[in-house]
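Take a look at the structures below.
Consider the two complexes below, in which chain A is the common component and chain B and chain C are the respective partners.
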Partner chain A sequence: MKLIKKQIPLAIVFITGVLTLVSYYVPHKMSVNYIETINKWENIVVAFAFLLGLVSLFFSHYNKISRKVDGWGYSIFVFIGFLAMVVPALVSQGKQMTDTGFTALGWSYKFIYTSLSGTMFAVLAFYIVSTAYRSFRIRSLQAFVLFIAAFILILGKVPLGQIIWDWVLGWTGRGVNDVIEWIMQVPAVAGKRGIMIGISIGAIVTSLKIIFGIEKQYMGKD
Partner chain B sequence: MLKEQLQKFFKIDRRWIFLLLAVTLFVPIMKPLGLPNKTISPATKRVYENLEKLPAGSFVLFSLDYDPSTRPELHPMATALVRHAFSRNLKVGVVTYIAGSTGLIEELFAKVSREYNKVDGQDYVIFPYQPNILAVLTQMSSDLYGIYSKDRNGTPVRDMPVLKGIKSYKDMSVIVCVTGTAILDYWVAYVGDKYRVPVAGGVTAISQPGYGPYLQTNQLKGLIGGMKGAAEYESLIKQPGKGTSGIDALNLAHLLVLALIFTSNILLILIRYL
Partner chain C sequence: MPENTIKCILSMVMTKNKLFLFAVLVIFTSGSVCAAAKKAGPAAVLPGFTAEDMPYDAGEAVLLRWPVNPAAAAGTAYEIYVSSLEAGGWVKVTEFDAAAKTGADIGLPFWAWNGTKDEHAVKVELNNLFGNFPPGAVFTCKAAVLEKGALKAESLPATIAPQGNWFRLDRLNNLIALLGLITVFFWAVSHAKRKGLFIRRIAGLDAIDEAIGRATEMGKPIFYVPGIGSMSSISTIASAFILGEVSKKVAQYDSHIKVPHYDPVVMTVCKEVVKQSYLEAGRPDSYRDDINHFVSADQFSYAASVDGMISREKPAACFYMGHFMAESLLLAEVGATSGAIQIAGTDVEHQLPFFFTACDYTLIGEELYAAGAYLSKEPMLLSALKVQDLGKLVVMVSVFFGMILVSLGAKFGWDGLVRVVMDLFKGY
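Let's turn to the complex of A and B:
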């Protein structure tokens, strides 16, 4: 049992991991063929994972509706939203436009999906502005530095801000874009580069731990 | 007494602020201020120059990976980029790895292809949405047709005039990814660096600072950032569009944010020392 549940999966992960890693650096026909095969397998697995996710989502919301848990009414919209896009997609055979204009799918996309998605994102702007007033407190030196950087970036990103900068600070001989360029090229890049290096080292270490069987959580608890 | 009155400002119903923002955005949208965009950032200019220097007939691949939520920022820059490519008579291929972007791509090409009399299959090709981006990017390095055998309408692509002589990345002149996600990072790491293809990008303003390291090392051959970047690109190709008009609304919204931060902090100082 241990062989099937533990050793064989670990061997598969080790062999696949090493082969894929090596293929990235070896420009040989065999490695290219191997990567192409793996890519096709990956796409098939992703398709099944997508289907699994969809079924799981439906079961979860169906249960909420059947048990009438708090907010069960929202779960109905999961099915309405799904049908509002999938039925037109099937009717239109996946095409969104023809020479004569929108198909049913194109119409649903433009007038349902686009509107809903745009509205959801636009709501963020209201919360950001409200939070700026209610929560942005300059209580420490760090908060002050953050405020100054944010102030310059917010101001310099629009023409009206550039005009105000030139009017108030034009005598310094430095345009707001010069200051923004410096902020983006020096402190922002330094911070971002540190984060990127940290994340990359973490990802490499985790990958190696999985390939060499040190990290086994993906296999479950049994 | 005054202190208590000032404190009331912090308990203001947030809906008043929402209303203030709504009015601030509504006015310039209805009546644009028309302020000139005086400066063009070097990163935007680099994207423009990379397309501008290509000879007619070169193949440019656009990866348009944004959905309606980021449309106001990214659609104007994608439109400007496609207009630029068509005006230079470049051959255009379009891929996407965000399912929600397919309708926006259709809309864009239905409009812009008519402006330049470009024909689907002859001057441009739109590939279907594909999940699992990393597998697709890797596959395209050896054989494009191994993953994209048909266009988004199911028409076989192998014999399309637009794809004549195009088999993998080495046949492409530039790749431009417009996205509000981390997909541009994948293009840089898995394609640009590995296969030596120039990769440029267009991103939302909020994610723009994160690409500074790639720009410095020239792994990214230019970057258009947010609505301002879109407006800059529109002014470079001398075709004002939604980026240019949208920046008016941003003008006042940005100043409103600054004014609110200032106001709240000045009130805080007054309360503390009164």
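Let's turn to the complex of A and C:
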């Protein structure tokens, strides 16, 4: 049992990991074909797993409706939403447009799905405002630096801010756009690169832990 | 050439009497044609033109080289042609100025390439011209020299069959760095087994206990959001490790956790992880299959659904660990509004500011990767944190000395030194 549950999966992870790692240094066509094949396999696994996801979704919401838990009414919309997209897709045979215009699927996609997605994305603007308000409360030196940088950026992006800058600090010879460019190109990029270097090293070490079987929590412990 | 033309036409006159009148006309006009031909002269041969297999590639490109002509007149240009045995005919690849595309322009490091400014070097991607071709396919290449648009010289055709290579010598620096890292990695693992390691504290991870304890006291659920990454994303893998430790504590405290998923594969893996954690905590009876549930594989549908759940259920704690994009703020802001204690971690650096402002604790990139090891407190896993820190130290020292050397090189015109330093730290 241990062979099937532990050793064989670990061997598969090791061999696949090493081959994938080696393929980075081997430019040969065989190496390219190997990576393409692995990617195809991944897509096939994802396609099958999607069915599992769908079953989980329906099962979870069916249980909520049958048990009449709090907010069970929302679960009905999962099934309504599913049918609102799948039935038109079947009727339209997967086509969104014909010579005469939108099919039922195209109409559902444009006027239901896209509209709802757009609405969610638009909500982001309001959340950014409320988050900005929270972050502008100066509670530490770091928060003060963040506030100053953000304030200059906001100031520089509106014409009134540029006029104010020129009026107050025009004598320095530096426009607000120069300061914004410096903030974005120097401290922001330096910080971002520092984070990215840490992330890259962390990613390599995590990969090594998985390839060499030191980290195996993803398959359960002994 | 003119004599040959006349002889040829005369012989035609002798054999084809019916064409006599036409032949006379040709003789008269050939005089002017021959004079023009004499004026232009035949195209010279471009010397030193060679075609060779492009090194360190999959066998889909060739490299054409020939010496730079320092005496080339202004307006001189080169045209490159390639022909395949199968397709036939010449295909024009590129045209460029006589001063362009030298050996120094090929983007390879000094240890893998000896090209100089004294020669032209042109890489021709054959698969872009002829699509996928079988191994061993033969191609013929030639270069033409144009002066103000007129053909001045042409190379002899060079034949080449590109071959796939087995090693990217240009990535040698990368390989050496990786081998160094692996050596340090195994040293740290064996060291951790023998002695144990001191690990710096990470506030965001220390707060996990506090968050779970709060949820237990309040009798409210905990939301664990693993983001929208696939299982091949390192941050999602790290998130699964953290979920294992969090759910173990949840099981110990007999609290309640919910894990909404964006990716069905991640959901399947997380189900196993959570089940195992409940088993290890000695509470397999508390495990329910709907702890992990699939929500949607669409970004904003997922965000809307999770936002709805958070708004309705008012969780005591929210964890956002993994790969996040625009939905990061949509989720974190709703969580903050609901009054939950929030701990986030992602390796997407442009989403970090949103988490910083909306969450109580944020794990930055590498801390997310380290979190599973930190929480498990297993020496073997903790050793990886030491490797990360050592790696960062090496990068810091390299950046410091690299910066000094490149600055000195630029100041005193030591181009060789600058190139060596830049090549050593460049990714190919």
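One rule holds in what follows: the second predicted complex is superposed on the first by the 191 of 222 C-alpha atoms of A that agree within 3 Å, B and C clash if a C-alpha of one lies under 4 Å from a C-alpha of the other, contacts with A are read in each partner's own complex, and residues count from 1 in each chain.
By definition in this document, contacts are C-beta pairs under 8 Å (C-beta built on N, C-alpha and C of every residue); 3 or more make two chains touch, one makes a residue touch a chain.
Please read all numbers here as calculations on a predicted model, not as lab measurements.
When the two complexes are overlaid on their common chain A, residue A:G73 makes contact with neither chain B nor chain C. In the superposition on chain A, A:A188 contacts chain B only, with no contact to chain C. Contacts of A:M30 after superposition: chain C is touched, whereas chain B is not reached.
When the two complexes are overlaid on their common chain A, residue A:F50 makes contact with chain B and with chain C alike. With both structures placed on the common chain, the touch criterion links A:A203 to chain C but leaves chain B unconnected. Contacts of A:G170 after superposition: neither chain B nor chain C is touched. Look at A:A132: by the touch rule set out above, it reaches both chain B and chain C.
Residue contacts after overlaying the shared chain place A:S117 against chain B and chain C alike.
Once the two complexes are laid over each other on the shared chain, residue contacts for A:N63 go to chain C alone; chain B is not touched.
Counting contacts as defined above, chain A residues 32, 42, 46, 50, 117, 120-121, 128, 130, 132, 134, 192, 196 meet chain B in one complex and chain C in the other.
The part of chain C that touches chain A in the complex is made up of residues 56-59, 135, 164-168, 171, 174-175, 178, 181-182, 185, 189, 230, 232, 234, 237-238, 240-241, 244, 261, 263-265, 267-269, 272-273, 275-276, 280, 290, 292-301, 303-304, 308, 312, 326, 329-330, 333, 336, 347, 349-350, 352, 354, 356-358, 364-366, 368-370, 372-373, 376, 380-381, 384, 387-388, 391-392, 395.
Taken in their complex, chain A has these residues touching chain C: 24-32, 42, 45-46, 49-54, 56-57, 59-60, 63, 70-71, 74, 116-117, 120-121, 123-124, 127-128, 130-132, 134-135, 192, 195-199, 201-210, 214-215, 217-221.
Chain contact summary for the complex, chain B toward chain A: residues 10, 14, 17-18, 20-22, 25, 33, 35-39, 41-42, 67-72, 100, 102-104, 106-107, 110, 130-132, 135-136, 138-139, 142-143, 146-147, 152-153, 205, 208-210, 212-213, 216, 226, 228, 247, 250-258, 260-261, 263-265, 268. Residues of chain A touching chain B in their complex: 32, 35-36, 38-39, 42-43, 46-47, 50, 94-97, 106, 109-110, 113-115, 117-118, 120-121, 125-126, 128-130, 132-134, 136-138, 147, 151, 154-155, 157-164, 175, 177, 181, 184-185, 188-189, 192-193, 196.
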